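Take a look at the following structure, please.
Just so it is clear, A, B and C label the chains in written order, and each chain counts residues from 1 on its own.
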Amino acid sequence: MNELVFFINNVVISGTVTGSIYAMGAIGVTLVFSIMRFAHFAHADMMTLGAFMVLLLTTLFPNVGAVVGLPSALLLLPIAMALTAGAAVGIDRAFYKPLRAHDVKPIVMVIASLGVTLMLQGLIRLFAGTSSQSLYIAERKDIFRFELPFDLATRNIVVTEPQIILFVFVIVAVVSLHLFLSRSRLGKAMRAMSDNPDLARASGINTNTIVAVTWIIAGSLAAAAGTLLSLDVAFKPDLSFFLLLPIFAAAIVGGVGHPYGAIAGGFVVGFAETLAVFNWAVLLRPFRDSLPEWLDLPSNLALVGTEYKIVVPFFILVAILVWRPTGIFKGKVI
Amino acid sequence: MTRKLPIRELVLFAGLLVAVLAVYGLMGAAYSTRMLVEAACYAILALGLTIQWGYAGQFNAGVMGFVALGGFCAMLFSVPTNPAFWNTELPGELGRVLLYLVAAIALVYGATKLDRLGIPKRLRTFIAIVLAVVLYMAVIGAMREVTDEIESRAGFIGGLGLPTWVGWIFGGALAGGIGYFIGRICLGLRSDYLAIATLGIAEIIKAFLKNSDWLTRGTATVSPLPWPTPGPGELGFVLARAIYLSITAVVIAAIFFLLYRAYYAPWGRMIRAIRDNEISAAAMGKDINRRRLEIFVLGCILMGIGGAALTSFNSIFDPQGYLPLNHTFLVLVMVILGGPGNNLGTIFGAVLVYIIWIMSEPLALSVMHAVTALGEGWFGWEVGGNLDSRALQARVFVIGLLISLVLRYAPKGLIPEKVPQYD
Amino acid sequence: MALLEASDVHGGYGGMNILNGVNMSIEVNEIGVIVGPNGAGKSTMLKAIFGMLTVSQGEIRLRGEPITNTAPNKLVHKGMAYVPQEKNIFPSLTVQENLEMGTYIRPQNFRRMLEQVYEFFPPLREKRRQPAGELSGGQRQMVAMGRALMVEPSLLLLDEPTAGLSPLFMNEIFERIKTINAAGVGVLMVEQNAKQALAIAHKGFVLASGQNRFTDTGEALLNDPEVAKSFLGG
């Protein structure tokens, strides 16, 4: 039974954590893709930017959380989300909009977003340095242990406070996004514009508004994802290139331009990563005695070492591009 | 076509010459010649990117990976052999595992063809996947044993002790091979996907080189790497570097000449036709994806060669030294600033941007010191100890800003591509 | 005052002029039909009116107000609606959501206009929860026209509303256009089926090489032997 607990801790929980983060990033990427038709490479850095803002705010007000019994960082997250959303809109106005006005090819927008990536990275590292820092400044991370009602299970299922916050946040975010896209006038207009931008314009939909709304959603989700990730581990300014590939893989797996697909894609990639680095030998250990003599069980049965984790999203990306470039949910853009 | 005196080019190159001479005056001949050699290596990289981006509109966001591959080959072929490895049974062991690998690939490939024997396709796919996973685990397990053994007993396998230029050629070939693989997958799809995939493969190549201690010594780095020319120990810094510079100059000249010929040949016209109007090029019966693949692989080969030349020159193979900023984005700035699709412009951009890049380091440090002095005076800032490393991050910002500004205000670069007019 | 008046309109794409001085005028509650050979600039004229390409010379007025080179989303506010020939629906939105996008600028009118549009196009009411991309060609055309009508336009621009439809649907669409017009909406449309279109038209404009060749009432054009010979296939 302890093996099962180990599996739950290392695969189910950690896969859900990674998947949630990727899903939130992938939603942003896929929305930007469907409205502005380019792969937004600066997205991972928007995550870092959001987390950085939380870090700044928490450093300024380290004790606000104590009032309501939540981590200060979480309490300050909405402010950081708003700031990041504002920054996203501002970046669009300053760097993407002029290029859009010139009707450049999507790939030029990609390069522009790489320029933005570098600017954000430079600024964040200039102010935050390059080392990793914890977002728990005045508090301690709560850890919850659940005992299983079996005699054989002596170990506990371990969930940390930021992980629970993350799960709750993701559920809330996904449900509200769904309601926004399917019920609200603005959300429907967003879907309309992703379907047919010219007709949206001909219907009197103001494209600038839709673009701004897209950036607000993408920016605030990115800020939340970056912060929740940093709460779970630590704030690392140089995370972005390692987040970018899984996020894009998730968006493409889900079918680009398809927000629900992006969520599914995020969990597919997240679980694939955790399953690939999971040492399967642990699960086989209980059956060691019943295995035939000649089969010598190696101690390490992980598909890839943790240092090659980045291979997993890449492999998924390649596989999906080869077999089904539109993604599992038939995205709009190939 | 009327021939005009290329005033723009002359002025720009004269300005560049002045800048180079200024660096010579300020920093001395040894430093400046080193800078020029590195700029020349970067020019090869930039030429590789300019044919991908400028000629064909393919955006490669993983130049770093191809540079690292070139550097790896330069190291592997030129470094002296390691007797602690070759004089044991380890080479045989390694060979055995590699044979397993080949056999495993053959088996899995065979399994994907099982449907020809009448096995249903779904079952075949299932068998192939299960077989692939099992064999993969087996080969990886065997591989780990051997590589652990190599690491503990011999350190790493060492080089092959061959002339450096062999490594350069293989570096180009290896980079081209990986480029072929990526290109086959991505070139038929949206151009964004190529950027994503190249970005990913670059990180993977780096992760592999960094963690394969048995092959590259990983973070322990390999040095010194021999030069293809007499080293500074025999001739002194300036002369040795000047000779190295002339080697790279010959390489650039050869590439330049070949590209010049190709650009005006039917092949080059076809490439540009595909870039400018894919649909009509396809309608004229051009095999678009094949041409695209050719140009992408060619660009990657150049990047491999340039990376090999750069790594040999630095005389150290350090997988962690390959950074997206230094080896992807810097090259990108060189190309888009110089003039994508224009070889002369690209070389101009490479040298200019490299001078700015090198000179910006002392500049950034002094600016940072001035700013923090001000900050301390005005706001009482507490300045951390890693001030210098932070100052260098300012350059990241500047490169990003430069990319944005060029895209917006000079999208064709300083020396734009001259599209020949036939009328 | 004329509902729409265009005088001496020049314009085209990327410096290439397609329109070389087109004149047009329709009154309130009239149906205007633009016919002519391929490449005459019929659809281009419609796009020029709807601000989708740059007019280099000439003037367009809506109820006397100059609207030359006004952006499409502003024209919608002035009571103009446009149905492109292709890609005229939002395929992944449901039928009702498509129609809702029509009242995007005036959400308070949604319920009222929705009822009206369902009256005009009863099949849409049944299919209201289906994604519009899953409908048949004729029904898609209804969605497209319905979306435009949701704006409560005073002028409806239709680019080849019957293109690619079977004759049965074609007649139905023409009937609908007549009903819509009878309800007080001015219509300007480009049509390939010139005879049928001119039969319901108050005004007809025969364009060739970006200029008016004949301008008259629909009936007069139908009966003009020269028009019949060169443009209506005998």
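By definition in this document, contacts are C-beta pairs under 8 Å (C-beta built on N, C-alpha and C of every residue); 3 or more make two chains touch, one makes a residue touch a chain.
If you want to know which protein each chain is, UniProt gives these names: A, B = Branched-chain amino acid ABC transporter permease; C = ABC transporter ATP-binding protein.
It should be emphasised that the depicted structure is a prediction, and the values quoted were computed from it without experimental measurement.
J.: Taking the mean of each chain's Cα atoms, which chain ends up nearest the overall Cα mean?
T.: Of the chains present, the most centrally placed is A.
J.: Looking only at C-beta pairs in contact, point me to the busier pair out of A-C and A-B.
T.: Pair with more contacting C-beta pairs, A-C versus A-B: A-B.
J.: Any idea how many Å lie between the Cα centroids of chain B and chain C?
T.: Measuring from centre to centre gives 55 Å for this pair.
J.: Counting in whole Å, what is the centre-to-centre distance of chain A and chain C, each centre being its mean C-alpha position?
T.: 46
J.: Can you work out the whole-Å distance between the CA centroids of chain A and chain B?
T.: Each chain's C-alpha centroid was found; their separation is 29 Å.
J.: Give every residue of chain A touching chain C within the complex, in rising order.
T.: 185, 188-189, 191-192, 195-196, 198-207, 332
J.: Considering the complex alone, what residue numbers of chain C touch chain A?
T.: Going by the criterion above, the answer is residues 50, 52, 72-73, 76-77, 81-82, 84, 87-93, 97-98, 100-102, 104-105, 107, 147, 151.
J.: Which of the residues in chain A come into contact with chain B in the complex?
T.: For this pair, the touching residues of chain A are 38-39, 41, 95, 98-99, 102, 104-108, 110-112, 114-123, 125-126, 129-131, 241-242, 244-245, 248, 252, 298, 300-301, 303, 305, 307-308, 310-311, 313-314, 317-318, 321-322, 325, 333-334.
J.: In the complex of these two chains, what residues of chain B are touching chain A?
T.: It is residues 57, 59, 61, 133, 136-137, 141, 144, 185-186, 189-193, 195-197, 199-201, 203-204, 207-208, 210-211, 324-325, 329, 332, 336, 384, 386, 389-390, 393-404, 407-408, 411 of chain B that touch chain A.
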